[in-house]
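Each of the next two complexes has subunit A plus one other chain: subunit B in the first, subunit C in the second.
Entry: the complex of A and B
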């Protein structure tokens, strides 16, 4: 308790010092020092999270800021040390440290465009993330949340000279403010009747609130936190804002910030309300399935590398949400063991995504920086130019595709097993629901593998598709070092997920009443611990990794069975003996995904754009030569939901503006009418009570 | 065997192995645009397939290393192997490689949910996703194991097998006609030792999936206790089952022509519906659980 409080103060002071270093120093050396100090502060925060997670006394762990609690309970500022917050703090600080280290090498390209401001804001942004994890009262939470939103907005619009970035930033800010309003509504609804603003106090009284209020609070929380998490159909800011931001910022936004939406949802759903009716769970599952499938389908159609990654964030949030929804449903069905399994899958996937997505974004940043465009069709062959980045991106691609022996496979495996466990619940409807969800999840992970073969293959392999790609220079070593830390964690959690399971042990116990394992780190090659009677988990990640390593040795040995080979003969590709071809004959990102576009045509509804050359071109027999081909795909939700909505909003604004005549006596009349109206409403609703 | 059914004399059974040994002694030719991926991925892909082998109960129950992973792990390892082949094909930077890679990943992505549903359909009644446990239940139940839901799941699995191993009508392992090949286009640029491992891996994958078919659909005869005569009988039965299943696949391949690529989706959708139907039958009628 004292130790962790001390560490917290050191961490916060470190971040503050880091941002001051950058903002005051302003030169390249100071900026690099600032990022290094920030990374150190993040490491301290990670240690703090660990002391909380392994500490003995948790109930007393509230750090109130003196003088604020007594005056008005609603605006009390206090931090708490609960296992869920500490788990997310661990997630944030590990990824944050790695991203800051990587930024040391990455930020040089922004020297002319305020690298000092960028570095300073990064450290401040991490403070806000830290406070969101640790907030113990509604007021603290909202202040931290709003700080996080505003700081992330400034980070997104860092390259504010481009109109595209400004537009993305505005969309993000507008949607964030609507989201915060929804969160405020939800938390205030829950706080009614508790007489306090602390989460602990609300958790005692909230489950007793009338059903209508709980339902309203749930919907508001889902809207608000779902907006931040990038939940379909509230996600449209995400594929705009992430590509527009500098890549190290995208890594933080996508890897870490959108997880705060998940944290908020878990806090409200499980901690404050203590679960909810089945239709909440059904809604979450439906939204999760929608998000995961539509996210990966949209990602497949992209040829903008960072936009592709942004759509994968939506997909992964969907997968996490499937776990959360399943946990809620299993709780309703009275099966805490399965609920713990599903929630463990969701939490593990949250951490996993916080590791491999920054890894991919940093790799993408290196590629984009070297080639000078986000268009994948102009990249290619980069693995030869920047091998370390290529390996890092490959690890991220394998992990996000859910392939063993990396961490993404473990969380998806756990989720599959929680679905499989539903077959023992005895309700046909539940069983069929989870069979369908398992199919969707498997399709999603298969398509993700498809998409990342495309992304890795087109960007890093083959022949360069443009002049800058052929001359691309390797990024500084610190970028590779940051990526290396993240890749190392991807492998570590894939081989020994016990470490993560132990870190989430207390959260699972608190939220579901059951847990996987005892919270201690189980021996390395054994099978995963069972969360309860009737659920067996026949998978030993460490042993499978060992098996794979052994088989690698075998295949190496077979390869050398008939002597050590001579050096490879290197020559032009064979291609069935045809003429040597150029990079123009290479598969394109567009063409690579064509089969899936063909199959899901009703979802994509692509608009083809064929540019025909002028009549003087070398056309044959009156046919104009095709000089360009493009395909534009607009997401259905944008077309059918947001365009009418934005139109309606503007129309309503125009209608309201007619009321504003500018005459004072008219305004007085409005106020009077409103007052009378409110009094009448009170009379009607209140029924005469004071 | 396939050749015999098609009215050709065909090469001898040992021929593929002779080719393998020959290829293993050869050096590689690499295309000039390739990176480290081309250097290693054939071996990684092969190792992933080898790692999947002990997850199937071949000769005794529970399988050799059945406890460390279930069928979902097996699906993951197969996907890992496919991933490395697919990026290798893109590494060469030719149009055929990309074509094959795209088609292979497309089919793989669509096959994955079917595989999962088939696993659930077989595993649901047994309460486990481990091949060994499912087979043990089959042995314990005897003839009662062959229920209607199981037959549906079995048909779904056979369809899946055709897709996963690239047999007709999905892909023709013998074709080199550029527009129709899928898997062959994928490995077109592999040579020497790499080609040997890729071809061998293909054979291992086929045997693996057929062996799984035998274990899931015809579990009888797999010894559950360790005695020499039982093991010997099990081994003979296993070979018989494998040959039988090979004959079935060979027969199917002879009877159908290659389909258009996009009809594969129909085939997989059919398999998915069958597997789902099997699950529905199990639980709605109440035969299982």
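Entry: the complex of A and C
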């Protein structure tokens, strides 16, 4: 308690010092120093999270901020040390440290202006993330949440000279404000009757609230936190804002910030309300399935590398939500062990995504920075030009596709197992539900793998598709180092996921009343613990890693023994006697995604644009050669939900502004008409004689 | 015929006079007769108050009647006339709604107030022919004057007419709103007159006229 409090203060002071260094120093050296100090502070925060997670004296720990125990308990400021917050703090600070280290090189090389401002804001943003994790009262949480939203807005609009960025920033800010309003509603509804603003106090009284209030609070929380997490159909800011930001910021937003929505949802659903009726879980599962499938389908159609990654964030949030919804459902069905398994999958995937998504975004940042465009069709062959980035991106791509021996495989595997576990306990309807969900999850992972074959293959393999891609320079060493840390964690959690399970042991116990295994690290070094009777987890990630390593070794040995030529040999060109192969002969991203687009045509509804040339030629009107092809895909929710909504809102605003003529007289007339109207209404509605 | 029966009949008469005078206020085309009509209406209200005081033997209402006559009949019209003369406002009333339509609207408002106040009339303490309806009608007609006339001075008169309606409602419901409230109202009216005077002179200085159409800077 004392140790972790001390570490907290050191971490906060470190971040503050880091932002001051950048904002006051302003020059390149100071910016680099600031980012290094910030990374150090993040490391201290990670250690703090570990002391809380392994400490003996927690669950009651609350750090009141001196002088803020206000007369009104609703506005008291206090931090808490609970296992869930500490777990998310660990997630934030590990990724944060790696991203800050990578930012040293990234900002140095690719950020043209305002680098001091960017670096200073990054450290401040990490403070707000840290406070969101540790907030112990409603008021503290909301203040930290708003701070996080505003700082992230400024980070998103860093390249504010481009109108596209400003538009994305505005959309993000507007939607975030609506989301915060929903969160405020939810938390205040839950605080009614508790007489306090602390989460611990609300958790004692909230489950006894009337069903209507709980339902309303659930829906409001889902709207508010779902907005931040990028839940379909509240996600439309995400594919705009994340690509618009500098790539290190995208890494932080996509990897870390949207997880705060998950944290908030877990806090409200499990900690404050202690579970809920079945339809909540069903709704979460449906939304999770929708988000994962539509996220990956939209990602497949993207040829803007960063937008592609942003859509994958939506997909992964959907997968996490599937775990959360399944946990809620299992709790409702009275099976805490299975609920713990599903929640463990969700939490593990949360951490995993916080590791491989920044890794991918940093790799994309290096590629985009070197080539000067986000269009994948202009890249290619970058693995040769920047091998470290290529390896890092490959690790991230394998992890996000759910392939062993990386971490993405473990969490998806746990999730599948919790789904299969439902067959042991549930009714026929539950079985069918989870069979369908398992199918959707499998399809999602498959499509994600397909999509990352495209992303990695088009960007890093083959021949350069443009002049800048051919001349791309390797990024600074610190960027590769940051990516290396993230890739290392991806591999570590893939081979030894019990480390992460130990970190979330207390959270699982607190939220579901059960956990996986005893929570000690040494108890299960190779095989994952079994959550309870009836569910077995026949999987030893360490063994899988060993097996893979052995296979690699054997292939390498065979390759050596079989005498495959080790040096390139010059032979006759076998290229139809024509010129050497050029980039034009390579498959394009558009072409690669085409079969899937064709298969899911009803979802995409693409608008194709075919440019014909030479149609003026004599007698060749019908045979004009195609000289260009483009395809526009608009997400269905945009067309059918947001366009009418935004149009209606603007129309209403315009109609209202017509009322505001600015003439005193007009206002008097309004008052007069209202008065007479109300009097008549009173007469008509209020009935005749009193 | 006893004195009180006679007084009751007289009460009906004064009530009707207040209503008719409010309506006449709508059909004036010049400002000075409008002010004069207001003065006469105020006198009728003073008379009503006196009759109520006599009928219910409530001596403090005599004070109210005297106050009404002094402020609403004496001081306020004098102030308004001085404003009109010193600021050279012009003699005509410019309207947004033509006089003919205003007169029709006045009848409509009377209908509304009868509809609205009818059901509550039995609660009034003074059992006279719809004093309550009349007071609501006077209030609405005053409001209509405010919204349908262009010059700021006519709006001031409209406000004063509204105030007369409130006064009458007070008399009808509770024999007066209580002497302290009445005193406060009277003081308010005086302040209103002073503010209106200052405001009008500033407006005249700035725009060289007192047409409220000039006040459009609130536009957002």
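Everything below uses one rule, namely that the second predicted complex is superposed on the first by the 616 of 690 C-alpha atoms of A that agree within 3 Å, B and C clash if a C-alpha of one lies under 4 Å from a C-alpha of the other, contacts with A are read in each partner's own complex, and residues count from 1 in each chain.
Heads up, the rule we're going with is that contacts are C-beta pairs under 8 Å (C-beta built on N, C-alpha and C of every residue); 3 or more make two chains touch, one makes a residue touch a chain.
Worth saying up front: this structure is predicted, and the values here are computed from it rather than measured.
Undergrad: Between subunit B (first) and subunit C (second), which, if any, makes contact with A:475: first, second, both or neither?
TA: Once the two structures are laid over each other on A, A:475 reaches no partner at all.
Undergrad: Figure out whether A:494 sits in contact with subunit B (first) or subunit C (second), or with both, or with neither.
TA: Neither partner.
Undergrad: Would you sort A:447 into first (subunit B), second (subunit C), both or neither based on which partner it touches?
TA: In the superposition, A:447 touches subunit B alone.
Undergrad: May I ask you to decide whether A:669 touches subunit B, subunit C, both, or neither, giving the answer as first, second, both or neither?
TA: second
Undergrad: Report the partner of subunit A that touches more of its residues: subunit B or subunit C.
TA: Counting residues of subunit A touched by each partner, the higher count goes to B.
Undergrad: Can A:96 be said to touch subunit B (first), subunit C (second), both, or neither?
TA: It touches nothing on subunit B or subunit C.
Undergrad: For A:599, select first, second, both or neither according to whether it touches subunit B, subunit C, the two together, or no partner.
TA: The first partner, subunit B, only.
Undergrad: With the touch criterion stated at the top, can you tell me which subunit A residues are shared between the subunit B interface and the subunit C interface?
TA: none
Undergrad: Note which residues of subunit C are touching subunit A in the complex, please.
TA: For this pair, the touching residues of subunit C are 96, 109, 112-113, 115-116, 119-120, 123, 136, 140, 143-144, 146-147, 212-213, 215-220.
Undergrad: In the complex of these two chains, what residues of subunit B are touching subunit A?
TA: It comes out as residues 21, 24-25, 27-37, 39, 43-44, 46-48, 50-51, 54, 65-70, 72-73, 76-77, 79-80, 82-83, 86-87, 89-99, 101-103, 105-106, 108-113, 115-117, 120, 123-124, 127-130, 176, 178, 188-189, 191-193, 197, 261-262, 265, 272, 276, 279-280, 283-284, 289.
Undergrad: Which residues of subunit A touch subunit C in the complex?
TA: Where subunit A meets subunit C, its residues are 657, 660-665, 668-669, 671-672, 675-676, 679-680, 682-683, 688-690.
Undergrad: Touching residues of subunit A toward subunit B in the complex: what are they?
TA: Spelled out, the residues of subunit A in touch with subunit B are 380-381, 383-384, 387, 390, 394, 398, 401-404, 409, 413, 416-417, 420, 423-424, 426, 428, 431-432, 435-436, 438-443, 445-447, 449-450, 453-454, 456-458, 460-463, 525, 527, 536, 538-540, 543-544, 547-548, 550-552, 554-556, 558-559, 561-563, 565-576, 581, 583, 585-587, 591-596, 598-599.
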